[in-house]
Structures are given as structure tokens and as C-alpha cells.
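What follows is a set of structures to go through.
Each of the next two complexes has chain A plus one more chain, namely chain B in the first and chain C in the second.
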Partner chain A sequence: MQTAGKALVYVLVFLISALILSPLLFTVAGSFAVYWGADMYSAGVTLSWYAKVFEKFGHTIGFTLVLAFGTVLVNTVLGTMAGYWFYRWKSRWVFVLEELLSLPIAVPGIAIALALIQTYPAMRASGALMLVGHVIITFPLMFRTVLGTLRTKDFRTLDECAATLGAGPMYRFFHVIFPSIRGAILSGAVMVFMLSLGEFNMNFFLYTPLTVTLPIGLYEAYSTLRIELGSAYTTLFLAMAIPLMYLLHRLNQSSAFSRNGGV
Partner chain B sequence: MEESTVQSMEIAIRGVSKTFQDGTTALQPIDLQVAAGEVLVLLGPSGCGKSTLLRMIAGLEQPTAGRILIGDRDVTQLPPEKRGIGFVFQQYALFPTMTVEENIMFGMKLRKIGKQEQKAKLEELLALMNLTELRKRLPIQLSGGQQQRVAIARVLATDPMILLMDEPLTALDAKLKEHLRLELAQLFRKLHITTVYVTHDQTEAMAIADRIVVMNKGVIEQSGTPKEIYLKPKSSFVAQFVGQVNRLRAKVKTAERGNVLDLGFYQLPYKGESRAVADIDVFLRPEDVYLTQEAGFSARVQDVIFLGDHYRVIAESGGQKLVIDVGNDTLIHEGDQVQLEIREDKIIYA
Partner chain C sequence: MKRMGVAVFVLPIFLLFAFFFLYPLIVLVVASFQRGGELTAGNYAQIITNPQYLHSLWNSLWLSLSVTLVALVLSAVLAFFLARHSFPGKTLYFTLLTFPISFPGVVVGFMIIILFGSTGILPMLSELLTGEKKLVFAYTIAGIFLAYLYFEIPRIVMTLYGAIKDFDQTLEEAARTIGATPWQAIRYVVLPTLYPIFLSAGALAFSTSMSAFGTAFTLANDFDILPILMYNEFTLNFNIEVASAIAVVIGLVCVGINLGYRVLVEKEGRS
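On to the complex of A and B.
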């Protein structure tokens, strides 16, 4: 009976994995087809779709990366500062504010995008508004990760201890607090990067012809051009996202959090 | 450690009080002077304000009123990093990402000391605290006792003008605590550095203090040498908090040759402050009652507890309970009738 139960679990796991992965695998396979009809490779195999992607959408990849890195940069500073500040701040209002700052996770991207357009119309053309939007929706990820890690240990005593040894506030942050939460910051940064990279919802309302991001380009490719081109585009996106996924996984598992413990 | 490198400073606490934001008063206005080189222990139950006072000397807490001076420098407004202090925390507070060496070097690097001198000092401290073998380890790889030794070495590395210790042994197990207590007592004697040491453990206080300040509910109950505190407690709180003590109900009565103290089961000459007939409480240490053959008074043994080096005996006489200590070679059993005598000059009238 036990073996049968185990076998059932394996079959289920396989089926679910297949269900999730098949569409992606098909997309990747399709990106190499000259014509993706009933038979995928009946018209032959080609790399020309990739050339087309770079030709038509090359600039979107560059802009998307700039946007994602910009978002990570801003949020690493903002999120870490806010997390540290919230950790040190003793008041019951902390929790209210903490929930408020996490709200962007629950609010649809469209709503935030529309609110941004109405509030800061002047910033739209340059693409700065997109950066603001990305910063807003990814901020909770960084902030929560840092705050959560700070709360698992007695960093207040470490901070006090460093002070009694003669270290000023800046020195204490960079030499005592930061090394202990570096793993959390890195992990937050990867999450922020990935979320920014794949964001469509908000971009769809904020983009201008000069600020097309990868997911928007992808949408265009699928809706107005050929499915094979879209597939090639998707494959490139996956090639960027998967290594990051892996890195995130490694970070969460490794020692970055646990080994430095023992306060 | 060379003695020339240590400049001992005195500490003056002038009218310092602390009321927390939620309105609780941790400390009534307190005046306290710690002499240069003195080891002063703040002793009291949790919540008596001893840790708050220590943290205010360190600058980790801001006093509500009053001034704190280290040497002749008013440090009341200075942050901890500008006070030239060393602080040892109960939870060790070693920096988890740094090795033993790096932890010890932390404070040294912030001071303008030459590289050579730093290295020499590190070696000296590793040897002094028995840490040489562990120098490359991370805190998580150390036992509690080892961690606390690193914490102490780290503090000494900065040549603090005063040393502040907040229950540094409380988190350790009993055997280790006893061992480290002895080490600390020796270290203090060697260093001659002004030290304020907070603890709730009176044995610890006795072992290391030049002077003990007993605190309760935010006020100083008594200040004195360990002997004075133990033998001449000034209040019933001090008598009961420091060491084992019997609390006995008594009556002061007038007699022909001066007043007598009537314990109900026994009468002794009264040696407290002169006063008229009254009901009072007196205190008596277990070691100040002893077994005798003649005279004394009779008591019934209720319980005998073997404590290794001695028996602790709980006896009863005239409705009053008496805890006494007798040698471990004494033949004594539950239910026995025994004759007891009191060292009358040891009775504490607090």
C-alpha cells in the first residue's frame, strides 16, 4: 500500500510539473521553427526569429534592464533604510505604517498606474514615471525582507554594543548591521529585479513609444506579428529570468541567513 | 595588561532619575560616587532600576534628570561612542559575522593605535582570556562561557576608562558561572579599573565587589562593603535579599536590667535602638544558630536537607520557623527534639 501511495505522489508531481512546464517548453521549441503549424518543424529549423527579435526589440531589452537595475538600486537604498529605521522605531504606529507600505502588493498595477498618471503627468514622457511605479510596487519586497531578517535577531543589542566600543552610527550600520543582513538585501534585490523585469500590467499604461519594455514588446510581438517571433522573444526572457530564479533559490537556502546567526 | 595603560576614572552620579515614556518610574533621583579603581556592584531584584542606571552611565539610556560625570567630564549629553567606556552585555552581543580576533579588534581599529601595537595587544588579550586556540572561530562555534570571555577581551582591548557589566554571567550555567566569577574577581584585582557591575545574584556580588549597592524599587537601600551588607543590613529588604535569613516575630519588653527581646520561645537581651514596648521583626542568619547540650531553647526538627558540605535544618519552636545550618557529620533526623542556642550579638535589628 505504501509503495502504491508513493507512486501516486510521484505521478501527481510529474503531472503538475508537466502541466506547468509544457507551455514554456513548447514556446521554446516553437521559437526555432520556420513555421509553427500543425507540425512544428515541417518547414524546417531556423535562428532567424532571434535575429529579428534583436533587430526589432533589441532596444527594449536594454531599456528593461536599465529600468530593472534602476529599480533595484533605488529600492536597495530605500528598502534597507526603511527596514532599519522601522526596526529601531518603537511605536505601535509602526505596524500601521508597515501595512500601508505593503499595500502596493495588494492593489492592482492598473490602479497604481492610473493614479500615477493623474498625479505626476509631467514625469511620464521621460520614463521616470515608470521607474517610480516599479519602485512603488517592488518596495514591499525589499522592505519586508530586510525588516523580517532584522526582527529575527537582537540587532539592537549589537548596535548598542558597537556604540559602546566607540563606533558612530554610520560605522555601526556598515560594519555591524549591514554584513549581517547582506544576504537578505541580496535576496530582496533579486526579487525586486525579477518583478520589475516581468511587470506588464503597470507598464502597459505608462509606456511611451520610447519606453517600451520587454513584456510590452512581447505583447506586441504576439498580438501583431508572428507567433514564432513572440516565442523567440519569450525564450530570451526566460534565459534572463531562470538564472536569477536559481540565484534567489540558492540565497534563500544558503547560509546567508542562517550561518551568520547566533546573536 | 600593563597597569600604566589603564587610567582609572571616578564616576559621579548626581540626582539622576529615569521615568519611561509610559510613565513608569525606573529610578528615583540617585546620588552615587564610584571611586577610581573601585569595583562597585549594583545588586537588586529585577526591575529595581539597576540596569537602567548602568545603561544611563553608558549613554544607552537618557536620564530624565540629573548629571553623570566620568572623571571631571560631564558626559550626560554624550552618545555612548564618545564616553570612553567598556560595556559587557548579558547576551554577549558578539558580532556574528566576525571571528574571535575580528571581534576583539573591532574597538581597537576605531582608535588611533599603531598596527604593531594592535597586534601585540590582541595577542596579549587572547592569552589573558585563554582564547588563543579559538582565535579564528566564529561566535556561533563557541560555548557561552567562551563567548563571554571574547566579549570581555573585546572590551578590554579599547582601554576603557570605566568598565560596565550588565549581568555578564547570568546566561551561563551554574558550574561555569562559578568558574568565570572567580576569573573575573582575579581580573578586576589585576586591572584596577573602575567597574560598575550589575547583578541580581548576591553570591556573585559578594565574590567580586569592593562595595555593594543594594537597590530596590528605584532607590538605593544600602551601600557598603560585602561584609557590612551581610552582617549589618540596614533594612529588612537588604537582610532578606542578601543571603539566607530567618525572620522572627518578637516583642520588646522592659525588664529590670534593660530591655529584653522576647521571641516567644526564648528571651534575649535587647540590643536594638532604645524603644518602648513594641512588636518588631528581627533577622537571624542560619549560621548564627547552633546545636548545644545545655541552656538555649528546645525546638523540633521538621526537615533535614543534605547540601553536601552541610545540612540545612528546618526547626520549629513556639510556632516560629527557624532555618539553621549544621555540619554534615551531625546526627540529626526529622522529628528530633534539639537544644538550640542563638549568637545574640548576631541578631539583626533592621
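On to the complex of A and C.
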């Protein structure tokens, strides 16, 4: 009975691992094959699928990186400032406003996207609406990480100590608080970048032919082009996401990250 | 002056949220109650009365619920296994298993196409072995179900793993010394202590499934679930008012689930 139970656990663990890991393996393997089939490399190995991806979708990678870096930049500034203010502020409204600023985690991205596009249709063409949307949905990640770190440590004493010595709020922020929360800002920045990089649902409502992001390009490749090309394109996405995910694990933030983002 | 100096820190984000989050959501809700310039609840009534819409609502609810339950069981097995065994390369294995939490839905859909699509690995294997192409179900409800499991399992494992690892194992051992089987120790000692974390993981999984769009859209862009229905109403039928009503329903379910489990956990914590 006990051996049977153990065997069942092993079988389940094997099946789950196979479900999750084997398609990743075949995606990478298939991206180098001339022809995708049961005899994978019979027709040879090639890098031409990658060349085709860069030729057809190179601009999507560039645009996505610009968008993600822009989102990180805006949220680093806004999230840090807001975190600092919330940490210092004492009022019963703090709780309510904190919940409000965390709300984009709970509201589905497709609902926010539909709301944005009917409110500001004129901002769609330039891509500005997409940037604003990304800023809104990734903001809680930076804000909560910074605020959480500030609350776990006794920065108040340091802060007040500097204040009694005559330092103003700006000076204290940049010379006392900022150096102590650099790690939290880095964690927040990596999470914001990851979420922006992989966002599909919101982009699918807001994109135009001039603002195609990597996940949108992936969708086009999957639905109209060969599976080898789709694999190469996906492998490029994985190559960007794997180092960042590894970094998140090292920073102990992958659990916080897993509670965000739609699929 | 001092207060002003500090308010500068937080004014930009409040303005951004007011203009690009709260106001658009109000616009969305107002639009959902309109039809041809008139105030009406008809868009919501349509979700119940139109058979295709009702079918989508029903599909979304039971798909999310069944995926959540199956994913919870499988993730619990995996999380217990990972927390209680150590083997070389475990960190790498864990990192790879939880890596899909960074995938957009389209990539999750593609993973299922790789496995069960018309030129997928398993159909090709079955053709090689039996001479007949079988197991092509990526574009059906079974494929969508597996795809949802694909993005839920890593997310749930991530939540459960830390809690199971931190659980005081001496309690479990105490149960074992007085004669409990490993299963009984888990069933009567570990699970009752950890159930809030299961509740939280389940609530998150349900709302993630409810609002998932890209995954199912990649596999079958006409499949009847609320997010796809909403997208098609918006782009194919230019019916922004009905689309808004569907978005509000999805949003309310997700925010409601989120608030609901937190109230439940807090209530449990007090008593």
C-alpha cells in the first residue's frame, strides 16, 4: 500500500515535469532543424529560422525592449517615491490608498485594456497608451517591494536622526533612504521588466501595426507561419526570460512575482 | 511647507491612477449600462438570456473551477515532493519547473501545440508507433484544459513550496511516532495547518483562469469563454457596450474572489 502510494507520487511528479519541461526542450531543439518532423535533424541543422525571425520580427524585439525599459524607468521613479511617502505617512487612509494602488493586480488586464482604449483612443497610435497601461499594471510590483522593505527595517530612526541634523526630505531620501533600498528597487525593476516583456493580453487590444510587441509577434508567427520559425522566435523570448527568472530566484522574489500577471 | 514637500513624492502616481486607471474603469462601467445612448441593464441581461453568452459564462466558470482543483492536487504532490526530497540539481530543477510563470499566454498555448498540435510530438510519436496519427487535441477543450494546467501548476507550486518547507516537521514526526501513516500525518496534521495557503493559491488560480485570454485564443480563437467572447464582441461585432459588460463581469468575479478569500482567511485568523 505504501509502496503503491510512493510509486503514484513518482509517476505524477514525472508526468507534471514532462508536461512542463518537454515542450521547452522540443521548442529549442526544433528551432535549429531544417525540417520539423519525426526524424528531426534528417534534413540538417540550420540557423536560417533565426535569420528569418530577425528579418520579419526584429523590430518587435527592439520595440518591446524600449517599452519594457521605459516602464521600468517610470515605475522606478514613481514606485520609489510613493513607497517612501507611504512609509512615512500615518493616517487611517494609508490602508485604503495602498489597496487602491495595488488594485491593478486583481483587475484583469483585458478589462483595463478595454477601459483604456475606449477612454483614450487618440493615444493608441503613438504607443503612449500601451506605455501608460504597462506602467499601471506593473506599478504594484515596484511599490509593494519598496514599501515592504522599508517597513521591515528600522529606517525611521535613521531618517529622524538625519532630520534632527537638519536634512530636508529630498536630501534624506537620496542620502539616507535610497542607499538602503537599492536591493528592493533592483528586485522591483526586474519584476516590472519581466511583466512588461511578457504582457500579451493588454497589448493585443492596444497595438497598432507600428507598435507590435514580441508576444504579439509570437501570436502572428504561431497562427500563420511554420512551426520551426515559431520555435526559433520562442527560443529568443526564452533566452531573454531565463536569465531574468534566474535572477528573480536569486533575489528571492519569484514567489512575489508569481502572484502577478495574466496569461 | 514641509507637508507640501512630501506630497510632491506621491502626487504623480495619484494623478496617473486617477486619469489612466480609475476614470477609464468608470467609463467602462458606464458604457456597460448603455445601448444606443440609453441607460439600460440589457447588456447584462443578454449574458444570461443569449444562449451563446450563457454558454461562455458557464464554460469559463467550470473550466476555471476544474482547472483550479486539479492543479491544486497536482501542485500539492509536486510541492511536497520537492520540499521533502533533496537531490543534486534540485535548485536548477525547481527553477526550470517554475520558469513558466514568466510566460505570456501565447507561449503557453504554443507549448501545447508543440505537444499535441497537428505536427506535435505525441501525435508524431503515435504515428511512428501505430501508423496512425492520434492525440491531436491541442485545439479542443482538452488542449485548453492542459494549457491552463501548464500556467497554473508553476504558480501554485511557487506559493505552496515555501509554506510546506517552513512547516514544522517535528509535528508530522510526532504523528508518525504514535502510529499515523505518512498519508494520515499529511491529512490530519499538515493540511489543516496549511489550508489557508491552499485557499489563497486556489483563489489566485481561479481568478487567473477566469481572466486568461491569450492562452485559449492561441489554441482556438472562437472557443466560447468570456474573455474570447469579449474580444470578439469588441473587434468583430464592434459592440463595445456588450464587451464592456462582459469585462465588468470578469473583473467583478476576479476582484470578488480576491477579496472573498482574504476575508475568509482573516476571519479564521481571529477565531
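Couple of notes before you dig in:
Note that the second predicted complex is superposed on the first by the 232 of 263 C-alpha atoms of A that agree within 3 Å, B and C clash if a C-alpha of one lies under 4 Å from a C-alpha of the other, contacts with A are read in each partner's own complex, and residues count from 1 in each chain.
Assume a residue touches a chain if its C-beta (ideal position, glycine included) is under 8 Å from a C-beta of that chain, and two chains touch if they have at least 3 such contacts.
All values reported here derive from a predicted model rather than from experimental measurement.
In the superposition on chain A, contact is made by A:Ile227 with chain C only, not with chain B. In the superposition on chain A, A:Gly166 makes contact with chain B only, not with chain C. Contacts of A:Leu158 after superposition: chain B is touched, whereas chain C is not reached.
Between chain B and chain C, the partner in contact with more residues of chain A is C.
In the superposed model, A:Ala122 makes contact with neither chain B nor chain C. When the two complexes are overlaid on their common chain A, residue A:Pro179 makes contact with chain B while staying clear of chain C.
In the superposed model, A:Ile16 lies in contact with chain C only, and not with chain B.
In the superposition on chain A, A:Val107 makes contact with chain C only, not with chain B. Within the superposed three-chain model, A:Val45 lies out of touch with both chain B and chain C [touch as defined at top]. Residues 168, 259, 261-263 of chain A contact both chain B in one complex and chain C in the other.
Residues 2, 5-7, 9-10, 12-13, 16-17, 20-21, 23-25, 27-28, 31, 74, 77-78, 80-81, 91, 93-115, 117, 119, 121, 124-125, 127-128, 146, 149-151, 153-155, 158-159, 162, 181-183, 204, 207-208, 210-215, 217-218, 227, 230-231, 234, 240, 243-244, 247-248, 250-251, 254-255, 258 of chain C are the ones touching chain A in the complex.
Those residues of chain A that touch chain B in the shared complex are 153-154, 157-158, 160-168, 171, 175-176, 179-180, 259-263. Only residues 58-60, 79-81, 83-87, 89, 91, 93-97, 106-107, 110-111, 138-140, 154-155, 158, 164 of chain B touch chain A when the two sit together in their complex.
Contact residues of chain A toward chain C in the complex are 2, 5, 9, 12-13, 16-17, 19-24, 26-27, 30, 36-38, 78-79, 81-82, 84-86, 88-89, 100-101, 103-104, 106-112, 114-116, 118-120, 132-133, 135-136, 139, 143, 168-170, 173, 194, 197-201, 204-205, 215, 218-219, 222-223, 227, 230-231, 234, 237, 241-242, 244-246, 249, 254-255, 257-259, 261-263.
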